[in-house]
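Chain lettering (A, B and C) follows the sequence in which the chains are written, and residue indices restart at 1 in each chain.
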């Protein structure tokens, strides 16, 4: 059958079944966002080239990709939305706040170095009030604390050990705000005989992309891919622990941003738990686990669902004896990266998160686990519970190596 | 990654197959896009709508199986049909259960003011079968544009009112938004108070099928308490919230049972080796992941999900390239009238009694491929009202067969 | 019921309604009778091309001249019915460039602005065009909305004293000597019977001209030519696309709101009412138009339909396309001795106003009245309104929409309903953009019926109406059911036959 003659364009493929409307977390909580059916393939039929954008509501799309997964016909709805968002913001102009939120990588090392001052300011009521009124960064949102030394700095002092090499794309947040996750990563991999290597890397660019800044995101990709490519070509596979960074590099670099070489990188880039699962399949996951009689609730981040690799963390965690694991039956946490920091979107973000909170409350776990730092921030904000990356539990369950 | 069974298709037939295999202790991967047609069509469980309510389903079905050996039911057989339904029901313990009235079909009211015959009815819809005998009040919501109480009332000869839920009457509300709000006490308090004001001597109150996704019985119980009358749901235009409840239940339980759930992506290629399939590939640009299994169940549905594709001349099954039992071309596949039974709906994949696809000589084409769901040939599930029944029974039967080997 | 009128117009197409308006502006009241809704004939079944006349500039320069003159006039008087898209006459490698040069020259001779564009210029304007094209010629074609046009004319005519009886069919014509005295008519919906006495009768029935004249034993020889069209789900180009060659089948693609309309064919027909598009015509249309826009091969179609063109032969035979598309105004006094009967037929949508003007002039002459036409300078009310796709898009989220595909708001529909005089569902659909999008009314008509009940406006079994609608809809969808359209239809059948058990 000649697949070339099948409908190619998205507007043609949408059959108006409204599956997407049933899963969209934003249109579920606010009528201000008309929903994926209208915002995506519906509006496409009305957008004429040359007409100015009138999609005032388009930046309410949180970019969770749940509509894409639910679509029976394969319309890449969130992609249509993102491109419309980019056009709208290009024409309307982007506020300073958006630039700040998407360029934190420029300040993060300094913020980490001066972490005591930084953290004081980020928690200070006056500063938060000013940020709210001058920049529209909602003062109710807890801003993440910076840590010192950074992960990279810690790693520099860390003696390498292991036979096979594996490269790690750690991402901005692990580097300056959640160093423990990076440490846990390294320790678990080393326990499996891998030497971790950190290729030169910059912010993956997802915050920019999510804010419709294709140009900025592409620049980050063009900076990252050559060094990642060099690593790959030297025969080293690469892992990420942040599903958001992973999704960006693995799919968006190629599909949306057309970065040369990104396809090759994607073929050798794995989610941490996907990597461990592959090892396990081959019988190479050689760790003994201690018993861990606690109850954990696992939350699958939107980007993980969109990666299309299933829920590998659940599979690995199930190897830990006596660990009680529940998969949280809820979708999007509501933070949406920079989305939930914005004053005009904070309440929508929290309303979406309410459903997740209710689901967690029902389970009453000791710890909540999730692979995305954004989700971790949001779940802490919603529940006050201890929220970790699953790798941290895995490290906890490691039997101490002899000697 | 290697599995005992890979189920391709995220609809009710795929979900049943995955459930069946997981409960047999097998390592299962279910992979598919969307939510099948659960979130579109499924509100109740249709088994065979040609059996009149005066006949016991078992008797009617037994006759049908005898008379229609080419029909999926003819292949599965009465005993397995009953087993499959029982298995389906095990996922729905009280209070939200699927039951029949006296083991026969019943007439339930629809959102178009008509009635349809169906077999297993969820608890939230059951009381609707008494609509004709009891005085009924139908409630609609301003801004929820897929349900019109006044039209239903005019057609069903009862009363209908439309409640206004917000200060701005122009605000649209989707089914998902309304169902979510139903799970909050504040909306239920409001509805309770308003309906109590309006109710006269009605004993039954009909709502659109949006009484919450997660806890429909809790929602219903609370509203019933507040109004002081029995309430029931009426199915309408998609999306189907009751269908989503079924999907969510299957998903949660399958993951709990250790099943691997890869939702959101279609299988792009299936790789054969002689008469045996080895693995499937999933292409999520630019990455291709492959999965291998001992057995594969194709449960990709008909045209909506792309299980079958048609141009003006041919109908094909794009994944395993299984022969599709069609004749003629596009001009002949459809009747002149919209309401005719179109021949295209009877076309599908021909199989043997164990639901393995067969060639023109009746021989199974592949050792390890099985076919479940509406993609099968020999049925007209829309006209017959047999969609969910075919999905449940063939999903169950293919997994039983595949995993026994 | 007995009625009396000076002028009786038969036929509610663009011409008949145009005459009613023209006469009303001259202070001559008329009564117009139409057996269906407005635009039941060719006026409502064409591809909506707002002609510049370029299409006929080589084969029929007179018709072309008429077109460009009217084109300019209509831009001033009904701008809100027209999308000024411009048109491109595209030359593909197999096309004769000599023809193109003659074409440009002929345009210039009758003052149709025509600019030659290079391949690159053409492709940068319309990237969906075939990359192998050689060049194109830009002309002032556009897209016109016949419904807005005719309904607008009707409203203005009514405001100036004209009266309309829709869904009313003539049952007999009564002559007295050499004049038509009266007609008998019946309201097909309500059942009322009318006896209408008239001084003059204008036969503006278009393709039905001979059908009508047969009642009094007359015939003028109208050839019926079926033209078929396909509607795509998306709008492929911003401009009208023509093939730069002698007019032939499948050589035009007209953008229309959110879709493109592909046309057309020319098949001699004996039937004025029972006709449909054939699979061969569909194959031809796809084949020819995809030469200009490759993506059409494999794209999704949402509807197929046909219309019957009246072509006036005046005694000559030959290929339908050779018959002039100019119009024919027949004074039956001169021709047949019936002094108070005029027939107007033929023509194109874009020359409706001219046809109405000439007819009204002839009528005035017969009446001995000396009032001039003003329709070429008086704009239709509503001419100040701005419309456009982006306005509909901008209103999402602010107002409740009934039609998700075409973004038709509930308030808009309620306004149309409250105007009253609507006799059936199709009347409502003609006056809004409901049911014109991707799902062809599958969702919005259900909602519309709900709204009608809410307004207490339904006196019949609305499920009968719904079923009737689904059957009517099926006629346009069945011929194009493959690919994505088939998925859509599985959805629709599952809803109406499955969930709703209609």
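Miscellaneous remarks
By our rule, a residue touches a chain if its C-beta (ideal position, glycine included) is under 8 Å from a C-beta of that chain, and two chains touch if they have at least 3 such contacts.
Quantities reported herein were computed from a predicted structural model and do not represent experimental measurements.
Looking at A-C alongside A-B, one finds more C-beta pairs in contact between the chains of A-B.
Of all the chains, the one whose CA centre sits at the greatest distance from that of chain A is C. Averaged C-alpha coordinates put the centre of chain B at 43 Å from the centre of chain C. Centre-to-centre separation of chain A and chain C, using mean CA positions: 54 Å. With centres set at the average Cα position, the gap from chain A to chain B is 33 Å. Residue positions of chain A touching 2 or more other chains, listed in rising order: 5-6, 15, 17, 31, 34, 72-73. Along chain C, residues 397, 443, 483, 487, 491 each make contact with two or more other chains. The set of chain B residues that touch two or more partner chains comprises 40, 143, 171-172, 237-238, 304, 306, 309, 311. By the touch criterion stated above, chain B contacts chain A in their complex at residues 1-2, 29, 33-35, 39-40, 143, 171-177, 180, 214, 237-239, 241, 244, 248, 251-252, 255-256, 258, 260-266, 282, 284-287, 289, 304-306, 309, 311, 314, 316, 318. Contacts from chain C toward chain B in the complex involve residues 279, 397-402, 410-411, 443, 446-447, 449-454, 458, 461-463, 466-467, 470-471, 473-474, 478, 481-483, 486-487, 490-491, 493-502. On the side of chain B, the complex with chain C involves touching residues 37, 40-41, 43, 110-117, 143, 145-148, 150-151, 154-155, 162, 169-172, 235-238, 302-304, 306, 309-312, 330-331, 333-334, 336-339, 382-383, 385, 387. Against chain A, the residues of chain C that register as touching in their complex are 233-235, 238, 258-259, 295, 297-300, 388-394, 396-397, 404-405, 407, 437-439, 442-443, 483-484, 487-488, 491. Across the complex, chain A meets chain C through its residues 4-9, 11-17, 31-34, 37-39, 42-52, 54-57, 72-73.
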